[in-house]
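Shared between the two complexes below is subunit A, which pairs with subunit B and subunit C, respectively.
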Partner chain A sequence: MFFRMIFGTLVRQWKKMLMIAFTIALGSSLATAMLSVMLDVGDKVNQELKTYGANITVMPKESSVLSSLYEVEDGGTSGAYLREDELGKIKTIFWAFNIVDYAPFINAKVTLDDGSETSAVGTWFNHHMELPTGEMLDAGVTSMRSWWEVTDGKWLDEQITGSRNVAMVGTALAQRLGLKSGDTFHVAGAASDMQLEVIGIFDAGGEEDDRIFMPVDTAQTLGGLDGKIDSIEVSAITTPENELAIKAAKDPKSLTISQYETWYCTAYASSICYQIQEVITDSVAAPVRQVADSEGAILEKTELLMMLITILSLIGAALGICNLVTASVMERSAEMGLMKAIGAQNASVSGLVLTEILLTAAVGGSVGFFAGWGFAQIIGQTVFGSAITMRPVVIPIVAVLVLLVTLAGCIPAIRMLLRLRPAEVLHGK
Partner chain B sequence: MKKRQMYFRMITASLIRRRSRMLVALLSIAIGATILSGLVTIYYDVPRQMGAQFRNYGANMIFTPSDGSFTQADIEDGRSYIESADIVGVTPYRYESVRIHELPVMAAGTDLTQAKLTSPYWSVEGEYPSGTGSLLLGASLSEQFRLFVGDTVTVSYTPEFDGRSEDETILDNTIDLTVAGVLETGGPEEDYVYLQLSDLEQLTGKSGEIDLAELSISANSDKLRSYAEKISSSVQALDARLVKRVTESETTVLTKLQALVLLVTVVVLALTMICVATTMTAVVTERRREIGLRKAIGASNGGIIKEFMGEGMLLGGLGGIIGSVLGFIFAQQVSVHVFSSSITFMPLIVPVTILVSVAVTGVSCLLPIRSATQIDPALVLKGE
Partner chain C sequence: MSLLELKNIYKIYGDLHALDDVNLKVEKGEWLSIMGPSGSGKSTMMNIIGCMDKPSKGEVLLDGVDISKESSKNLTTIRRDKIGLIFQQFHLVGYLTAIENVMLAQYYHSVPDEKEALEALDRVGLADRAKHLPSQLSGGEQQRVCVARALINYPEIILADEPTGNLDDANEKIVVDLFHKLHNEGTTLIVVTHDPEVAEVAQRTVFLRNGKLHKETINENFTGEIKFDK
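After this line comes the complex of A and B, so read on.
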């Protein structure tokens, strides 16, 4: 009988129930969309911030003290180098998955035909690698120099050019030498000299505009530096630093074992640096403060902003649902009065109302959940051009929220119903 | 006159007598309006506030000499082309090779108060030098020379040979400075020693020359580009260049962030407005009996619609006013908590919020009222 009554209400009053379900669906879709976006926004913005380039640099321990800010250095004379054959190991550390991209750099001093000297930088552009773990990997500076504007020709790709002697030339140098893409020019290094073919001209808006960029082997041949690397730039997704990370960065040994484990297993810039030092012989890995700190600050602000907006919209959705549930239950006072007049207990009347509303809420809530997931994807695709990852934690949060809000909406209405005097209601007061 | 008085009396009386029900409706409209005004305020303020965060990345424009070096006056000249509200910091740099413990070291003479503004990412162990007589030592130099915070160091400089008699020995200029702090950046700055420009000028005996100036300007890349062009063409001694890495990336990220807030605002607003509309519809629908009664005693459809709409819009207006105030408070709280700065009040948002809430409540009342007026009063009064 109970179920028949509920079923009867749902069928006969389908319009009203549909409206409640609709409002609950709207509320829950809002909650779902905002929660999913909020939980994923950190990762997404972090990806975007990678356009600032590397946030960790790896240098040899005994690197020259006098490498300079405005590139007055004479190109890799320090005598300390990293080993090229160890580069693959970076992708084997604990946080390998967080390393978005990385590239080695080797500087060689070269002399041009007009007698002027410049720096030839060997690096990876789109380097293909087979890792010791059997995985394949493509890495290089293309994504780490996203602000470079290729004004002529295209990005160098060593997988296409193969063993040809090719280079990308900075716009300032190209202008001075009158080079265009496709031209060849002669350079003499410390160990050998060769003709280089220009693949592209780039505008970096900085000191790099005066340099020649080429594949690692080419630069090594020019400088006679086989198997040697000056520095590695690593672009990694990191967690903003906290007190533990700052303490650990000073001296990992000062931590207790459990602190050490927490630190080691969190993607702080300092713990990733530490892990890189473990795999690369005689290296010092340091976070680039300019990038790492700013990333942390911006990430934190964005996450906080999204969280506050989410809370506001959750409150909005909750109050909206509450309102409507209260209004629609109160509306049925005549029906409830009649039930009480023919002898229904308070408990069974409340039970009836609650079950009806909760059933409606369950339907509305699940429809809303999927709609909200859709909204989140629309936001992800439009803003970041990639899907928003659905966190399983969103489902229980939304479910509990919808349940609580609906119950909260029912309480004042039910209290009113209990206070009803059947005679008054039926009289139509 | 009388008629209008009666009209207002009916509207207000209805709102007052049905207090609890109307409070529910008012609450829902006010929430909608709060979300509207709050989110729109945030949306407009985000680029400014976030832009300030992005200044963390440091200088986005540099002045280089078009030939040789330039002076402080040239910087002031170039600076005058930039709106002063946009300027976060301007730092002059002069580089000289000096010696510490008889080893050559690059020294940068600068205005360290400004440097803190243009390079906020510098992490200094110890104190930031405030006046003259102290210096900031790069971390790798600190390690190399075993010099730490509080130590005193003698910096020496060999003046350039100025063509006086050749056998006269040129004595080194020296200056004693305290290491106020050790600078960590993870970049090439760690190999430099930073001291006040006046100290460096005293040490070298040459003043007025500046090699480079870093500027941190909070503006988008188009505006920056136009500043750079204007300065390069108007100030002879200067060559203004953008730090492409910073400006380009900032534009990319900021555009995405603003798009994100916009989309979120639109989605939240659309959903909230529908919520408000359904609540209003529910509130009006339950008054079908009243409508029927009025019709039975001779009210015209137009009159009923007018009266109900008046009520709805009054609610809408009230909700809008409450919402604009709450929305501003919300936006202010967000701004203080997230960006720790207060928000700019935009007067335009208040009328817009009120208009939108009046319109939304109006439309959501109109539909159910119209369908209610079309039914037969007898049927409604009989109870369906």
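After this line comes the complex of A and C, so read on.
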């Protein structure tokens, strides 16, 4: 009988129920879209910001001290180096999966044929790694310096050039030497000299336009720096810093055990730095504060905006449901009064109305969920140029939100039902 | 012991005494009519007898038990178990068929039984209209469904509020015939009506005026037979 009544209401009042379902679908779709984007926006913004460079730099401990004291950026001047054979360890730390890219740098002073000196920078371009975890990674400046404009030739591809002596030359230096792609030129380093083939000319828009970039082993051969690295730039997906992260960055030993565990197991830039230091001998890893701060600020503001839109959309949906359900109950007050008159208790009548609305909400919520998933993809493609990953946790969150919003929207109608006196509605008084 | 007894009943709204010291006894199996002009307190009295309202003062004894101080929840239970209601406006659920409307009363009372509901419809001559929606039934047929719904849980009292108020003469006769039938079967009937011809077929008629029991007449000629001629 109960289901006959539910079915009867849903079928015979389908227009009202459709409006309620539509309202719930609207709220649910916005909540789904915003939550999906909100939960994925961290990665998306990080990936977006990653194109502006690394957010962590790793230097030898000694040169880090010099840098701090004298604000010297060139790690090579201290005579302290990192070990090339430890580079792979960066992808073995606890937050290895958050390390999306990294590249080592080794500077060698070279003399050109015109007698001028410049920096020969050895680095990875698209260095292929097979990690102990089975993961494959192509890391290097090709992705970490994505803003470089290759004005002539192409990006250096380590997989193609192999052991040839090749380089990419900054646009200012190339202009001065009259170089173009395919040319060769002579450089003399502290340990050896060689002919380098120009693969591409790049415009970085800064100091790098006066430098020569080449594979690590080529620069090491020129400078006699085998197995040595000046610095490492790391691009990692990080969680915005908070008080705990700031406290830990100053001194991890000041944390309690539980604080330490929380900090260590959260992808703060400072905890990732700490873990990198643990695997790279005599190193100091530090966040590039400007980038890290930008990430945090943008993330916080974006998430706040999404949260506000979600809350407002749900409040809007609750108000819409409230109006529709109240109107529906008012229209059916004689029917509800009759049910009470023939023996229905308040709980039975309220249960009937709630079941009708919750069933409608389930349909509207499901439709809204899939629509919201579609909206999220549109937002993802429009804003970030990639799909939004649907986190499974969105499903229960949206389900609970739909339930709460529907119940909240039903409160005035249920209160009205509880106050409804059969004598008044049945006698038209 | 009377089936129903009202003792010094008052219903007061501010300065208005809708019922003013009303005393009334209804015996089991009796057919009572309550008459009076508009505003005389008929509906208030019906609401109190029907457990849909509580008096401001006085006692309502149903089967010897005072129900005047019961909670709304308990009054609903008493109404469900002991009283069958018939309304002037029929008040059938529009999206349920005739038989489903009868089963609705069963559902809130105990367990719906389609066979029993069909028998109740048969008693009011509507077995063949069981699957029809109220909108597909005439006014008289709707009122008969209402009577079947009131009967289905074997109440101690059938309380009818202007049961023929919305019916034409032919249907009025059918409904009054049904009341005779029910009375002959031992059902206690309380009929609130404006219509003297409907009232005078009862065993006893009480007249209300300004919330007071104005007079009472006994139908000396009551035989249980239909003497209904319009």
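Throughout what follows, the second predicted complex is superposed on the first by the 371 of 429 C-alpha atoms of A that agree within 3 Å, B and C clash if a C-alpha of one lies under 4 Å from a C-alpha of the other, contacts with A are read in each partner's own complex, and residues count from 1 in each chain.
Criterion: contacts are C-beta pairs under 8 Å (C-beta built on N, C-alpha and C of every residue); 3 or more make two chains touch, one makes a residue touch a chain.
What you see is a predicted model, and the numbers here were worked out from it, not measured in a lab.
Trainee: May I ask you to decide whether A:L314 touches subunit B, subunit C, both, or neither, giving the answer as first, second, both or neither?
Mentor: So A:L314 meets neither subunit B nor subunit C here.
Trainee: Mind working out whether A:A423 is in touch with subunit B, subunit C, both or neither, as first, second, both or neither?
Mentor: second
Trainee: Answer with first, second, both or neither: which of subunit B and subunit C does A:R12 touch in the superposed model?
Mentor: A:R12 contacts subunit C only, not subunit B.
Trainee: Go through the superposed model and pick first if A:T23 touches only subunit B, second if only subunit C, both, or neither.
Mentor: So A:T23 only meets subunit B here.
Trainee: Considering only the touch criterion stated at the top, classify A:K340 as touching first (subunit B), second (subunit C), both, or neither.
Mentor: After superposing on A, A:K340 lies in contact with subunit C but is clear of subunit B.
Trainee: Count the residues of subunit A touched by subunit B and by subunit C, then name the partner with the higher count.
Mentor: After superposing on chain A, more of subunit A is contacted by B.
Trainee: Quick check on the superposed pair: does A:L324 touch subunit B, subunit C, both, or neither? Answer first, second, both or neither.
Mentor: A:L324: touches subunit B, not subunit C.
Trainee: For A:R4, decide between first (touching subunit B), second (touching subunit C), both and neither.
Mentor: In the superposed model, A:R4 contacts subunit C only, not subunit B.
Trainee: Pick one for A:S348: touches subunit B only (first), subunit C only (second), both, or neither.
Mentor: second
Trainee: Let me check the overlay on chain A: which residues of subunit A are in contact with subunit B and also with subunit C?
Mentor: Touching subunit B in the first complex and subunit C in the second, no residue of subunit A appears in both lists.
Trainee: Where on subunit A does subunit B make contact in their complex?
Mentor: 19, 22-23, 26-27, 29-30, 33-34, 37, 41, 45, 48-49, 51-53, 56-57, 65-70, 146-147, 149, 203-206, 286-294, 297-298, 301-302, 304-306, 308-309, 312-313, 315-317, 319-321, 323-324, 326-328, 330-331, 375, 378-379, 382-384
Trainee: Under the stated contact criterion, what part of subunit B meets subunit A in this complex?
Mentor: Subunit B residues touching subunit A: 21, 24-25, 27-28, 31-32, 34-35, 38-39, 42, 46, 50, 53-54, 56-58, 95, 104, 106, 108, 119-123, 140-141, 144, 184-189, 191-192, 212, 241-246, 248-249, 252-253, 256-257, 259-261, 263-264, 267-268, 271-272, 274-276, 278-279, 281-283, 286, 330, 333-334, 337-339.
Trainee: Touching subunit A in the complex: which residues of subunit C?
Mentor: These residues of subunit C touch subunit A: 43, 47, 50, 52-53, 73, 76-77, 79-81, 85, 87, 89, 91, 93-96, 100, 103-109, 112, 149, 153, 161.
Trainee: Okay, in this complex, where on subunit A does subunit C touch?
Mentor: Residues of subunit A touching subunit C: 1-2, 4-5, 8-9, 11-13, 334-335, 337-346, 348, 421-423, 426-429.
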